[in-house]
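As structure tokens, here come the structures.
The following pair of complexes shares a single chain, chain A, combined with chain B in the former and chain C in the latter.
For the complex of A and B:
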């Protein structure tokens, strides 16, 4: 390996290690450190899938994505709050919260995605009485005059509450500046996503995922720089292309798969070229207008330019056709449905998406996981045989 | 025509095969092969050693290979071209070793699996043991160690057994306890080994019957080299309704590596055609 290549590899390794250290930071030390760098700094935690982080940013606070404890938290108290047929994410979130490991957060936002997350907001209100807790009621009516108006009132309510915490008023100008900062982040993430789509061997699934997760801990400007640096370095790293199939992954938008599962998929011969991991990080697909009314821009982004999601009403009724088109646009050889056990939104949507794939003659396979899944042999066999079948007998 | 290598990293051993794939299955040719037990060494160093040795035997360099295919635990090898799942590669390897075979029973260090396939090596049905090790090579290796018998002697000694002792067929830990009791009761080593092979064979025969196969069935994987197990399994398969002819080959242990190399050649050809078609479409 030449010196230049070795240096590039070292830099990439350093970036992925930095991202992994943020992923491992369940005590939110990086957030505490960020808060210590200025007076009256506040951090606002949020649950999946999507909250408008621009509002938090404009109020001078740090948005912190709370994605559960993965396989690194022993659940002792968390289980006592939930029935056995409830997914794993809220258990680890409660475990971390009551254990004081989310103390760096001054407030929490719970977007309307499912009953479990909604109820979690009530539990946080009771368990953490000194903290700001807000249930973000996202509209399911996509008429600008109705749902749009409602959404803007919700945004302004959040802005007022968080502004009261930080002492910073969310003015139109401040919000425009935040939209611009997140637009830059969207551009960087699109570069990363397109690199995955076009040259997946350059960006291993694990690195890609850790980079997404880093965006839920770092200030947006720092994250944008990190992603841009990674994409530029990855293009020069000369990583070898392997004879893997290209797959799209669906179902992992809320409770996140453990890192071992992501490694397993790639080692089993699958390049993940499209996915819904950490979906909120790129939920708004287009850059938002930074010249007009910033509240309108946020509402337009959510209502007309956001990605489809199991928890979002499909008013235009084109979700299934759009999904098939996206799979084809991303040149995926097949689809892997991997949903968390007991995830109602993902598992209720799955049969309809599968039917659309069947009609389009696109192969798929499906399995379930939990954020603390530790044994991957069965998944490895399933993904491996799926990859073999497509490589040897399919169109891959 | 493609020259490819298959690297089968098992739990107990590494196998490498270098193949020249012809334009039909009958023209496929094995150019070199190598087998080495891991024995608590760094797996990658064993892989490198086997790979070099197989290439040397074939008279080739690494850069002359069109495709390096891995199987088993070989997905951790960074210089692979592609990876194939063990079921897929053992089926193809068995077909190479005996073109009449339509099924294989792969008995490795930790797992056993039976598969039925068509004339192209496409797996049609399969059955696997669960995570219990009692139907596996690791179990035999443990017992051989208790008895102070080398692995090479296990098969011949077992075939000398005349009064095999019954051993637990469900759990390797219980079976090991059974063996300790037998030693203390003065049961002869051949009878103990025959009992072990009978016990494993009952499990394997169950897997084989589950895939509804008749005709030629190849035994592959590490335990294919255990003549005692092969004899015991042939005996057990006589009891079933379907006529199954169990065959063993001197290269049965290499079936996974051979199959990986051959599938690698297939992929090499398929990808080359796609590239050609893309170029033709672009011009």
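For the complex of A and C:
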């Protein structure tokens, strides 16, 4: 290996190590450290999938994505709050919260994605009485005069509340600046996504995933720089191309798969070229207008330019066509549905998406996981068989 | 003086006739050309649907009736074979299975297809997916009525405007288009006045359980009492008549100091007064009820009988503000309350109805009810000092109803109440 290549590999390794250490930071030490660097600094935790982080940023606070504890938390108290048939994520979230491991957060936002997250918002109100806890009611009516108007009132309410915590008023100008900062992040993430789509061997699934997760801990400006640096380095790293199939993953938008599962997919011969991991990190697909009314821009972004998700009403009835188009645009050979056990939104969505694939003659396979799944042998066999079948019979 | 059984029969009979008429109307839509709207129970817009001469069909009611008729296991299995996960709400699967099996309603006749799906999205996310799934089967329009959740424990002016504007700008125009009938403000007011009369009487009936002995069972019996109010009849003269009749019957039982009528006739001694959280199980409804009645346990208040409105806490439809009141109604249903509100409501019931304790029937299907219920249990024990019990079952999936297990748990629970009583008197 040439010195230049070795240096590039070293830098890439350092970046992914940094991202992994943020992923492992369940005590939110990085957040505490960020807060210690200035007066009156506040951090606002948010649950999957999407909250408008621009509002938090404009109020001078740090948005912190809370995605559960994966397989790294022993559940002692969490299980005593939830019956066996509830997904795993709220258990680890409660475990971390009541264990004081989310104390760095001064407030919490719970987006309206399912009944579990919804109820969890009330549980937080009861369990952490001193903290700011707000349920973010994202509109399911996408008419500007109806859902849009309501959503803007929600945005302003949040801005006021978080501004009260930080002592910073969310003015139009501050919000525009935050939209711009997140626009840059969107650009960087698009570069990363396109690199995955076009040359998946350059960006291993694990690195990609950890980079997305890093965006849930770091200030947005730092994250943008990190992603840009990674993409540039990855393009020069000369990583070898494997004989893998290209798959799109659906169903993993909330409770996240453990890292072992992601590794398993790639080892089983699958390049994940499209996915819904950490979906909120790139939920709004296009840049928001930074010249007009910033509240409108945020609302329009959610209502008209956000990605499809099981938790969002498909008002235009384009779910099937959009999905098939996306799979084709990303040149996926097949789809892996992997949803958390007991996740109503993902599992109720799945038959509709499967039907769309059947009609379009696109192969798929499906399994369930839990954030603390520890055994991957069965999944490895299933994904491996799927990959082999596609190589043999498909166009891969 | 009328006998308790005869009295039960009169209101029951009335309700049966109302339901039979409704289904016979549904069976005749081809001739009558009446339009059919499928919608959900919590926060339903029954008065509005009736206003346009349309007929509501409530898929949750179909599912629960399938459960009671012993059909749900088969329907769920059809849905699971068609690719639906074991993990998800069984109401959805019972409905989809029923549809695949010919959509035969409780009267044995096929239900008409919907002319419109009204996705009134109150208190449960599964509704959204349910109608997205149903619309794949029917070629009909869908109207989404997004009802914000009381996340911060209140209904704000913005929330109210959002809902009433949707009713005005989306729901009513679509109803007009589908039905060919114009909205008439004055006629709507008259309908709502009828709603209020029935609501008053329902509240009186529910509050009768404060008496000792309680003349009603507010859960097993309560699910019958809320039937007309929560389904297709609110705002009709029939509903007013039903509740007048019911009230008279309950008054008569109160006067005679009689307990509720159970599957095996009037209850004898009232030994335990309980508040219960969660829906019942429908597949073994009578067996389940007997487990309580045999022990002299009566449910004096329940949250399930509030999924279609918290009338007992003061809500009434306001005939002078039809759209605003519909919005308030939608947002005020039990499953649209946040956790602190739900807990406070149950605490209030335990105190107001002098309950010996409270139980949670945690149903596997329903994340809306169940996710986090154990916190409510703990909190109530802490606040009231009265014993809480926890049982698990499902709404319509018989695989999750274990009679022996539930019976055991109930027996230990009643023993716990006894032990507390002894402790209190020793």
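What we mean here is this: the second predicted complex is superposed on the first by the 396 of 396 C-alpha atoms of A that agree within 3 Å, B and C clash if a C-alpha of one lies under 4 Å from a C-alpha of the other, contacts with A are read in each partner's own complex, and residues count from 1 in each chain.
Going forward, a residue touches a chain if its C-beta (ideal position, glycine included) is under 8 Å from a C-beta of that chain, and two chains touch if they have at least 3 such contacts.
As the structure is a computational prediction, the values presented were derived from the model and not from experiment.
Student: Quick one: classify A:387 as touching chain B (first), chain C (second), both or neither.
Tutor: Touch partner of A:387: chain B, not chain C.
Student: Taking the superposition on A as described, I'd like to know which of chain B and chain C A:268 touches: first, second, both or neither.
Tutor: first
Student: Given the touch rule stated above, what does A:101 touch, chain B (first), chain C (second), both, or neither?
Tutor: It touches nothing on chain B or chain C.
Student: Quick one: name whichever of chain B and chain C touches more residues of chain A.
Tutor: Of chain B and chain C, the partner in contact with more residues of chain A is C.
Student: Could you tell me if A:29 is touching chain B, chain C, both of them or neither one (first, second, both, neither)?
Tutor: Neither partner.
Student: If we overlay the two complexes on their shared chain A, which of chain B and chain C does A:326 touch? Say first, second, both or neither.
Tutor: Neither partner.
Student: For A:139, decide between first (touching chain B), second (touching chain C), both and neither.
Tutor: A:139 sits against chain C, while chain B stays out of touch.
Student: Going by the contact rule set out at the top, does A:347 touch chain B (first), chain C (second), both, or neither?
Tutor: second
Student: Quick one: which bits of chain C touch chain A in the complex? Just the residue numbers, please.
Tutor: Touch residues, chain C against chain A: 82-85, 87-89, 92, 119, 121, 124-126, 128-130, 132-133, 135-136, 144, 146, 148-149, 151-152, 158-159, 161-162, 165-166, 169-170, 338-343, 362, 364, 367-368, 370-375, 379, 392.
Student: Which bits of chain A are touching chain B when the two form their complex?
Tutor: The contact residues of chain A facing chain B are 240, 242-244, 267-269, 377, 381, 384-385, 387-388, 391-393.
Student: In the complex of these two chains, what residues of chain B are touching chain A?
Tutor: 67, 75-76, 78-85, 87-88, 122, 131, 263, 266-267, 271
Student: Spell out the part of chain A that touches chain C in their complex, as residue ranges.
Tutor: 80-83, 85-86, 90, 110, 112-116, 118-123, 125-127, 134-137, 139-141, 143, 145-147, 149-150, 153-154, 310-311, 313-315, 317, 319, 341-345, 347-352, 354-355, 368
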